[in-house]
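Okay, so chain A shows up in both of these, paired with chain B first and chain C after.
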Partner chain A sequence: MANQTSDFRTCPTTGLKVHLPAQTLIRINAVTAVVYILIGGILALLVALTRWPAVHLLPADLFYRALTAHGVTMLIFWVIFFEIAGLYFGSAVLLSTRLVGIVFGWVAYLMMLAGSLMTEYTILIGQADVMFSAYPPLKAHPLFYLGLILFAVGALIGCILFFATVIMAKAEGKYSGSLSLVSFGLAIAAIIAVVTIAGGAAILIPTFLWSVGLLSHIDAPTYRLVFWLFGHSSQQINVSAMVSIWYLLAALTVGAKPVSEVFSRTAFLFYAFFINVASAHHLMVDPALTTPWKIWNTGYVFHLAVVASMMHALAIPASIEVAQRKKGYVHGLFEWLKKCPWENPGFSAMVLSFCGFGLLGGITGVVFGTEQIAIVTHNTWRITGHFHTTVVLGTTTAFMGLTYYVIPLIFQREVMMPKLAMIQPWMFAIGVAIFSIAMIAAGGYGVPRRHWDITFAGAPYGFEFSPTVFLLMSVMGLGAIMAVLGGAIYCLVTVGSVFFGKKIS
Partner chain B sequence: MAFNLPERVWWKPMHTEEKVWIVLCVIFGLTTFFFMPVWHMIGHQNPPSETYKLLPSQFADKVNTFVDQYAVKEASGEVKTDKGTPIVHPPGGSDIYLMGKQWIWYPILELEKGKTYRLHLSTIDVEHGLSIYPLNMNFMALPDYDYVLTITPGEAGEFPILCNEFCGIGHHKMVGKIIVKE
Partner chain C sequence: MAEKKPYDDHVPFPAPGTLVLALMFLAVFIIFYILNWKWLSMVWEVK
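On to the complex of A and B.
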């Protein structure tokens, strides 16, 4: 019986009952995620050092290959493996119940692993130099698309297991009433994921058929529209997961309790309802779309999702303040803030992720996505800078912070090298902030994204960027080195602790 | 805590602070939304949406006819070129063509300051991104679609045009230009 009590252990810290087969699945997904961020980080360094004109490391073909691999590895494989681990954690562990369909969990994992290896291999051998967006008529080897499809189906199974576990736990009387806020937020992420993966299937399957010659034509603007339904909504999975992790980390680090459940849950619901149209802001300067369509999609519904983020932006600091004041830090306006556990990497990662995502990512996103402003931002480095403040400074930093709790709670090991772990989120986040801001500034001068040589040597005519641009590119390079070092420490501490950390019994 | 089950009845009314914040956020959202169409009406530069469907071969034919018709000629009668790309001087007010192909922008357009043109933008192979410097204005060129940009050059000079959508290994060499005469 899958339900035998011997399948469970009780966590000494949280009192949660941990389903051991689920724990193994969480471990393997999390470890795979870390392997991918390691690979993606090495690629990031190669790409950044090539774009730094004074270094210009890789030749053109390798640069475009490394860039394709960096985008796919980080945006898809690192993030989604970690999220699947998070979904199992948010259902089975947080509800102290069993994960339904362990076998399917393994099937999902193996499909994702096989799919990701297939895609990486195709990129590595030079058969898919098309960037992660892979706009047809640029064509990659069929295995590139097939790998992504396999990966997506695996992830979809993971989401289904999450829902099945939640429903089964209720049926078995493991909990009554409503889900916890964190699980609720993760459920929203999983719902968006299902929609997103459907979008991904709608576009990747025809593209795969086209790549093997079974379809003769893929309409370019249709591909772009549906691709970004998939590509942008998947960022909303990240946002919902990240915000859930903020609530979780606030609870774990300072014991914060949601100030108002209604308020926070409403904000999560807004994500589910209003986010999917946001793909429009990738298409502002495309032909084939009408102006009213562009305005409606970026304007109205888009901003309700922004309202949702602004609501979380009130709820989370408020809950931390309330928790701190309850502990007696009531002097002056800011004693509670000063007395926060800043040396705890879980806490600092949450705050850095929160501030970086909101102040840099959110604001640049809302501004750059407007109809007219897109004329000067589209495909420039402003965009690359923007999404490194959201999905890297925001999501990735939050995931890193959670890792410092996953290690003791799920891997039952102590975090090694605590001094290094303490500075890690700061180094990573500040490095990312520096290189992203430099990218955004350089993009303001028109520096294009995905471009090997902005000195245009070998081109028939040239364009000379101002010296400021070259200064900014150097700042980008230095920030990138700092961020990569921060990422390397993360991998070192994580892998070290998981394999060699002191066992917690 | 946020990861524990909520109290049995968690749907209690919100506090005043939260209500006020929601109102402020919604006002913000509505204001920004309100200005989306408003900017479109009172602003002077909007991304156009005029688009026609046509095959790449049809677009290439139009471009070739256009080049034959308006090519600038040397004294010898030969078509004037710059690094192999013909220079074309269409009259103000006309329909003009710019074609992306791996990895050149074709042809070189010579325009007159203050005149208005209908620029037809497309590509005959993969997607390209038209990026005009140093203004930094960006528009997509997609195969099978003729994207019409109505433009009025306000300044004389040479304007390099880059490609800013990845279009293959020669992407970074895809530089063309638009010349604007007084």
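On to the complex of A and C.
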């Protein structure tokens, strides 16, 4: 077995033993993720500039193509490549052990790469203008579904390697007792990922067979129900991964330790137990489901998942406060907060992600998830605004913050252009907050999502939106430009550092 | 104030600042919840 010490190096700052073959896999997955966020960001700009009525950049067909590509590239490829890198990091590196099955890690990577390229290609050539949700009877080219299936199987292999590594590390006595909280949170993310991928297979395989003509019919309501088993749980992978990264960044930036392990672990377990029931909030106006089911779900059950996030929201700042007070910042209620390392992009990204996810994403999620509200806001920009505060302001900003530690720890390079890196999370997060709030407000006036022209120019039946809507959509455009610039700086700093940063020996 | 211990043994919660932040969060939550219903019902008034 490849367990020679020559396969390892010891990190000079953290003392962690880094398995070199695992390090290479982490690097390649992380770099691929950054390439995808770059592509997704360019598409975001095109989409946003089209929906800004004063600019209205793309023609209708290209708009829907860019929108499909943006959703798929960001929500699936950027996020999951980064998460796979995170899983290898959270198992092999954090446990100072070797990654089991390196060869399979490469197989997984190549499947994910081939699958993602296949899907991107079919979208690009105009054979899959179906949006990321791909509701039948919309039908895409078979390669679109096949690419997603390949990608998902690759990601599943990545999750299995994570579990195998954790189990092997335990057997080899690399850690005793229970897993560290961060690895535990990532394990929860990986468990939810397995469920998610099973849901994805259950719906994408039949749809693929339908697209090649082997199945004559796909039941649209069933598709929608099972699709959201996949689509909703995949967001919970993101939430669990993001919260794990919050704990990790709190530890790395201010030396915080969990105040109560039991409390935080319970909250993670809640995610695993109650996540799938919350998927009903995607189906609140679906005529195929009964009203009692909707009310039972949105009135009661889904709050159990919300409680878990609220528990983390208490545990994380408390751990930071306790750590800071131990350093002597004990004056008043908030000296500890003032004395935090705000100039460290790892820290600021964590706080921005945390506040954005909690205050904007969490509150709007709970409110819009209520059945009566969902009826009014379904398919409006309120929803698009809501999930940009969760998966972009929350998850993406947290991933960006972690990157500033991955560069020195895994790529062994210094972060270049530290001044730019310092402002990057602020620029990105504030830009996202501005455009998301503008979306949410415009959606309140009924502005639909996925709509090329809300002025209905030339249509037989028009509709006049309140003039406020046009102001809000311009604010959206400006916020989007700011966010895209923040994202561009992220790509510049990370790619620059990885290839040209000063080597750390 | 003289140097103190990180937190007082008599204080049941070791992170009072966090407690205040949590209460502020709750207040924002309640306010947003109420305003949301009020505002939506104004925009989408059934005449």
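The rule is simple: the second predicted complex is superposed on the first by the 503 of 505 C-alpha atoms of A that agree within 3 Å, B and C clash if a C-alpha of one lies under 4 Å from a C-alpha of the other, contacts with A are read in each partner's own complex, and residues count from 1 in each chain.
In this section, contacts are C-beta pairs under 8 Å (C-beta built on N, C-alpha and C of every residue); 3 or more make two chains touch, one makes a residue touch a chain.
Computed from a predicted structure; not experimentally measured.
Visitor: In the superposed arrangement, does chain B or chain C reach more residues of chain A?
Guide: Residues of chain A touched, chain B against chain C: more for B.
Visitor: Who does A:P221 touch here: chain B (first), chain C (second), both, or neither?
Guide: A:P221 sits against chain B, while chain C stays out of touch.
Visitor: Which holds for A:Y135: it touches chain B only (first), chain C only (second), both, or neither?
Guide: First partner only.
Visitor: In the superposed arrangement, does A:Y445 touch chain B (first), chain C (second), both or neither?
Guide: Both partners, chain B and chain C.
Visitor: With the two structures laid over each other on chain A, which partner does A:V376 touch: chain B (first), chain C (second), both, or neither?
Guide: So A:V376 meets both chain B and chain C here.
Visitor: When the two structures are overlaid on chain A, which partner does A:V259 contact: first (chain B), second (chain C), both, or neither?
Guide: Both partners, chain B and chain C.
Visitor: Given the touch rule stated above, what does A:T13 touch, chain B (first), chain C (second), both, or neither?
Guide: neither
Visitor: Do chain B and chain C touch any of the same residues on chain A, and if so, which?
Guide: 259, 314, 318, 366, 376-377, 445-446.
Visitor: For a test of understanding, state which residues of chain A touch chain B in their complex under the given definition.
Guide: 60-61, 64, 94, 129-131, 135, 137-138, 175-183, 219-221, 224, 247-248, 250-252, 255-263, 284-291, 294-295, 298-300, 303-304, 306-307, 310-311, 314-315, 318-319, 366, 370-372, 374-380, 445-446, 448-454, 456, 458-463
Visitor: List the residues on chain C that touch chain A in their complex, please.
Guide: That would be residues 1, 3-4, 6-7, 14-18, 20-22, 25, 28-29, 32-33, 36-37, 39-40, 43-44 of chain C.
Visitor: Can you tell me which positions in chain B touch chain A when the two form their complex?
Guide: Checking each residue of chain B against chain A gives 1-6, 8, 10-15, 17-18, 21-22, 25-26, 28-30, 32-33, 36-37, 39-40, 43, 45-47, 49, 51, 82-85, 104, 121, 125-127, 129, 131, 133-134, 136-140, 142-147, 160, 162-169, 171-177.
Visitor: Of all residues in chain A, which touch chain C in the complex?
Guide: For chain A paired with chain C, touching residues are 259, 313-314, 317-318, 321-322, 325-326, 328, 330-331, 333-334, 336-337, 358-359, 363-364, 366-367, 373, 376-377, 444-446.
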